[in-house]
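Provided herewith is a single structure, encoded as structure tokens, for subsequent inquiry.
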């Protein structure tokens, strides 16, 4: 294996985890309210700015900006669900797909978040959060990795494990899963469905915010960094858009494929990679690589 | 008895491990009203879904007028004269009653390609409209001609489901619990309509039913199912007094 | 009877023919010239346009304070075009057909300016671009559009190549650029001039402006082991390149970054976050001095005076040369200026702006104003001006 | 009202044609340019509404077909000298064929995957427009020569306005005809319940594929209309923002109805112009206000403005 390939794969895994972190947030939203959150990228951006605000203006220690950012964006996500989505779902006409209206709602949210950040002066320049852990790069054979890269990989796996534990063992987690599978049945057994949906959106938003703080040193903070949601969507699709481990696997596959295309095809084709992958995956397995067999709809 | 109009031969359907239908066979005679009865989960709706080609049987064959339906695509079933209603009413909710009936006529209105503005095509639309109105009168839905289906009460929605099926001028009509949830007055009207369809227009009817009174009053023949297998078939009177059938219904079920 | 009719007809004809000696162009009265000024003032590209527009407006105010031009004051109508082609065309059409301005002055994005080019040519209205630095609207030159007051992408490519080969003695040069109209123009010209000067282009990587990771292109460049690396990326990707260049310890090879990626050098250094990566780092600039250098101080002070609560972006002073050209041309065209005589005057301009390196000049067959660039060595703190002004000869990469 | 749409429904089209020929003599070019822009988007929106509002297929690929229509018409004219009258239909046909090719595999996908697969197709198409330098001119874009229609030189706003009005009128009439035809009912049936459709003898897969193809033809026609009044096209015209703008137009206007699509186009089409003039001092807030408008529209009028009006007036 040539050093070039090794370095390409290693860096691909790191960027893959970046996509996976955001994909996790998108999947939680999809599983809880059946809608694609097109404002996911903007929540990541908000996380970056809040992290920077907390670190530079409030002077919080680095470790504290994660909970700070997570809490603030949890509120944004929960509020959006409470104020906007429940109203859209409530007023929707049975039968008519509310998916379209909710998608436009998330698009509206993405413009609101970008607009709000851009109104604050000094957000024009490109900014960068100092890395969580800096230090000399680590050499693993020919491969060179930054501390921050390793932090991202560890964080991705840790968050995925924490989510898995949360959804499997905690009461709230199980209630969330029940609500997402069958809201009416969940309501019947006394689960506060509306609170669950708020929690799900809040959790997904907080996750995107934490991802923002983690990625800011690597991705640079601008009001338009939210464009990365497209790559997170690709990662989520490869993972079947329903399974959490699928997201991390999907992200890593996408990250590595992008680097390989960049190295061996042409750097110009890198930006085409996610879209080709999405189309190929959905052509071969309409329900995604890691999801179960396509369920026949019971009449 | 002449060759059956429609029959299932050793049909098997499996969902993962669950055997929804287990070597199930039945015969339907032309012009007669048949009842398909059995406890919940016996596989009654699965039979209908196999005929409508929503499910693909793993073994056996379904024959209609001597032709195997397994090679016919889903939309070809209606064109061959088989129409059905659905257990939990599936309607085009935001379309008017008239439009729902017109949809039922799909196989018979020519000019499938939208942009063929031939004289024949607009003529066909006019005839389809006239026929739809006649059908609405017969099923006493004329009053609701232009109201969206979702605004109808339960009884009328059931009737619209039936009207849409009749719109295809079927030779075989599959009714999935037509009487469920209807008030007595509506059941009586339904029975009269079904008898008229079978006796006067020669339409063969198979209805899945739990209301024994309706089965006794209407059906000439009866097929009883339990957990995917046929346990009795024959004239309604004999079948209903058969020991195995009584046991299947009253609990215990065949070992 | 017919005699009366013919004399009446002759009289009517005479009146029509002797219409005012010169049909006065719209947008100009005895006391006022109306200029339509537009730039992106909101949305993602506001940083590129807002300050440049305010600098141009400042110059017009200064001119008015000094008594205007030939007794006329300059009145400005300002519009925000967000750099979206459809909106730029809408804004230009509104300024010309509704507000009836004398000329239109604006445009920080080339694609948008090209979208409006055919319209202004048909309506015969001079369009002076603001700080757009693409080649699309000015090469090939058309009569009614003047632009590139801070140099085109061909100038960027040519001057980078000259600096890399002559100053840095580069023999095996590499370039990384975007796959948009800017990137294709500057990388093609860079390759043409570099090979003409005897160097070999060992790697040419094109990346998307929306890139979030540049590992692959940097690895390919490192594998080609060039002796000079040149980047014409925008601010975001330029920092990513700087970071990876540092991570892969490529500092022994000098890295030269074009100005479009480094509006404020100190912010660039902070974002790369690793001063070791700037050990062998240079950046090009079309200005005549460092962004905060002495020659630029007077403009920054003037800007502070007009807009006290706004700290300008690095592209602020780029808005001045176009305004200076307009006022000079109006001055030259005299009291009864028309749109056509204004263009003839613009074509004779050749003057020093004290903002841009090298003269700003136009001609019958030249519509790109500036063609020079300086280079600066930057180690994160200190900026040292490299000797010489590099100029594109106007032919290479055509 | 089935069969050919009765004459009363066609009356507003006569009004449109009248305006198409009268307004160029009255209004300055700026308003004509806005008019052309809205008429092009109206055809585009009607095409997407057929697929999304009528057939219930949640697809994002529409802008890609718009791009194919534009580039094909422009290239046929610029490179091969094919006149507009032949070029535009050819381009629309090409878009339709590609739509059909996309339609068949897409019919197997459920809503969210269909949305994402078609979204990926649109982004991939834009990448092709941006990278295929030799043919589409790549990032430098393509200059469009002013087409002439049977000797009548078009290319400026006043000259293009009547032609656009005629095309839009024909497209609206075709849409009326289509939605009240059997195919139109088949599309609605699929949206409401695929099981009913299939049990009633409607070939679900081929109806979906035809819906894709016809909606792609609409986008191809809109692409042709682009070359009538614009002189330059570059890949950014077919980017993500345009997909979102188009989707917002038909949702805010009202899904599954011709007046709804037209209202949505008019409102969101003119919104940037209105905001730019009214929010003089607050230009930086435009993006935030646009987002709030979208959220407000889906919150308070889930059936769109036309649904709201129609609901109020009691007509269906």
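So that you can tell them apart, the chains are marked A, B, C and D in the order they are listed, and the count of residues begins at 1 in each.
As a working rule, a contact is a pair of C-beta atoms (placed from the backbone, for glycine too) under 8 Å apart; a residue touches a chain by one contact, two chains touch by 3 or more.
The shown structure was predicted, so the numbers you read here are calculated from the model rather than taken from an experiment.
The chain with its Cα centroid farthest from the Cα centroid of chain A is B. Centrality by C-alpha centroid: the chain sitting nearest the overall protein C-alpha mean is D.
Centres computed as Cα averages put chain B at a distance of 74 Å from chain C. The geometric centre of chain B is 41 Å away from that of chain D, both derived from CA atoms. With centres taken as mean Cα positions, chain D sits 35 Å from chain C.
Residue positions 54, 86, 90, 93-94 of chain B each touch two or more of the other chains.
Those residues of chain D in touch with two or more other chains are numbered 131, 192, 195, 284-287. Among all residues of chain A, those that touch two or more other chains are 93, 95-96, 118, 268, 271, 299.
Within the complex formed with chain D, the residues of chain A that make contact are 30, 34, 36, 38, 84, 87-88, 91-93, 95-105, 107-116, 118-119, 230, 233-234, 237, 241, 268, 271-272, 274-276, 278-279, 282-283, 286-288, 299.
Interface residues of chain A, counted against chain C in their complex, comprise 4, 7-8, 11-12, 15, 18, 118, 122, 124-128, 130-131, 134, 137, 144, 146, 217, 219-220, 222-224, 227-228, 231, 255, 258-259, 261-263, 266-268, 270-271.
Contact residues on chain D toward chain B in their complex (touch as defined above): 2-4, 174, 177-178, 181-186, 188-189, 192-193, 195-204, 210, 214, 316. Of all residues in chain D, those touching chain C in their complex are 28-31, 33-34, 37, 130-131, 133, 138-141, 143, 156-157, 230-232, 234, 236-237, 272-273, 276, 283-287. On the chain C side of its complex with chain A, the touching residues are 42-44, 46-47, 179, 205-208, 210-213, 215-217, 219-220, 223, 235-236, 239-240, 247-249, 263-264, 267, 270-271, 273, 311, 313.
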